[in-house]
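See structure below.
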Amino acid sequence: MEISSQKMDKALIIIVSGRLDTTTAQDFESTCLDLIGNEKNIVVDLQEVEYVSSAGLRSILSVGKKVRSDGGSLIFCNLKGMVREVFEISGFASIFNIYETREQALEAA
Amino acid sequence: MEISSQKMDKALIIIVSGRLDTTTAQDFESTCLDLIGNEKNIVVDLQEVEYVSSAGLRSILSVGKKVRSDGGSLIFCNLKGMVREVFEISGFASIFNIYETREQALEAA
Amino acid sequence: MRQPDSGDFSWLQLSATRENLPIFQEFVINEAKRIKTSAEILQKVELVLEETLLNIICYAYPHNHEGSIQLGCCLPGPGELYIRIVDSGIAFDPLSRPDPDVGQPMQDREVGGLGIHLVRRMADRVEYQRKDEMNILDIVFRT
Amino acid sequence: MRQPDSGDFSWLQLSATRENLPIFQEFVINEAKRIKTSAEILQKVELVLEETLLNIICYAYPHNHEGSIQLGCCLPGPGELYIRIVDSGIAFDPLSRPDPDVGQPMQDREVGGLGIHLVRRMADRVEYQRKDEMNILDIVFRT
């Protein structure tokens, strides 16, 4: 798994690639929190994420709760294949705002 | 496994690399016989062979017998590690002429 | 359900440790590839194995006693992948757990508790039995 | 010898086919690497597995009946790799075969018959037993 970020006017974009599984979820969580710092509007681009398990969901929810408790918002875009399916089955598609493209997510942010 | 050959004045050199195991031995045997054709003096360079099993020995002996029955001779050089050990345990080190280097083998050919 | 003791099952038994998880996954993926399983199904298989095996690794052998996992796999018919997971840990029927309420808003959602839910939704059939002091979980995918 | 039914054995059971040979080999190599086995020993392990497993694949189940092979593996102590190979094919004790005469000249040498000889010379200990209609071959390497 790899993470990078890009600071835009309206939001911080976090770009994730690879697998969000039991071996990488912890790292995802701590790296995200580091990158977020005091930012309020976060867009996570999952375009390059090909696999997410419940360990990944756990970390995503932790990050989401942290951002929310700091008064910010975490939104997602570019969910593909099984990542989209896992978000739907777990209800994450309704607790988070999800957008098709990064542009749409930035507009909403 | 890969095989190539090089025609020298004194002998045909057959250069083998990779593994001589149950999946490659047949191919080794038929390719060798093709390359040998009507040549009498054959030097097989095993420098790049890292693994040989009884299936490999079986093919080597078949080729050796064929060359011998055509009045030629098959000699080996550059046996490394487990290849040397397998040749010794199986008695192949005494039924074939074995040389340390290709130069020595060519001289003897 | 077909009996895994019939000869056409392949088995892998390893100790229940995290480092063995990818070996179990690879084992099943290898079998599944024999019937040209699509990449999407392979990912679901991988997910279901991560969830079920990790649960055994984390919860089935609590007293620091190192247990093991037996994983059986067969291809009973065209387009069917059959997986049997056996452990001798504490009795646990994952199918008896109520599904989590996935309709709650974020602040009410507990972190965790989604693994078994994903397994039930991703696999085409899941059955549990306790037999001879062992947990036996059968999972079927239509490929 | 240590009993493989104790929990610290890892097991792989697959049908006795050529295509499964590398999977068996990789399984043992993986286990052996946990105790930092040298590359030379790993090659010997690979060779011994090729010879023994291929014999079972070729000879143990002659009537076209597809049998299987169970391979157990453990690391009983520092520097020891213990392998158990079980099949339910025709009774065959490889240790009862006389060693081939490796001193003969080429024209007198038969092609073949070297596999078991290599196994006995490469492994540090080999033991055979027939039990419950099964061939059980135990092989130990000092790594």
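Order of writing sets the chain letters: A, B, C and D. Residues in each chain are counted from 1.
We adopt the following convention: contacts are C-beta pairs under 8 Å (C-beta built on N, C-alpha and C of every residue); 3 or more make two chains touch, one makes a residue touch a chain.
Quantities reported herein were computed from a predicted structural model and do not represent experimental measurements.
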With centres defined as the mean of Cα atoms, the chain at greatest distance from chain C is chain B
Dist(centroid_CA(chain A), centroid_CA(chain B)) in Å evaluates to 60
Chain B and chain C have mean C-alpha positions lying a whole-number Å distance apart equal to 50
Here the gap between chain A and chain C, centre to centre from mean Cα coordinates and rounded to Å, is 27
Distance between the CA centroids of chain C and chain D (whole Å) is 30
Shared-interface residues of chain C (touching two or more other chains) are none
Touching at least 2 other chains, the residues of chain A are none
So the complete set of touching chain pairs is A-C, B-D, C-D
Within the complex, chain D is touched by chain B residues 21-22, 50-51, 53-55, 57-58, 61-62, 64-65, 68, 81-82, 85-86, 89-91, 94-96
The answer for chain D against chain B in the complex is residues 18, 21, 40, 43-44, 46-47, 50-51, 54, 100-107, 109, 111-112, 114-115, 117-118, 121-122
The chain D residues in contact with chain C across the complex are 7-15, 23, 27, 30, 66-68, 70
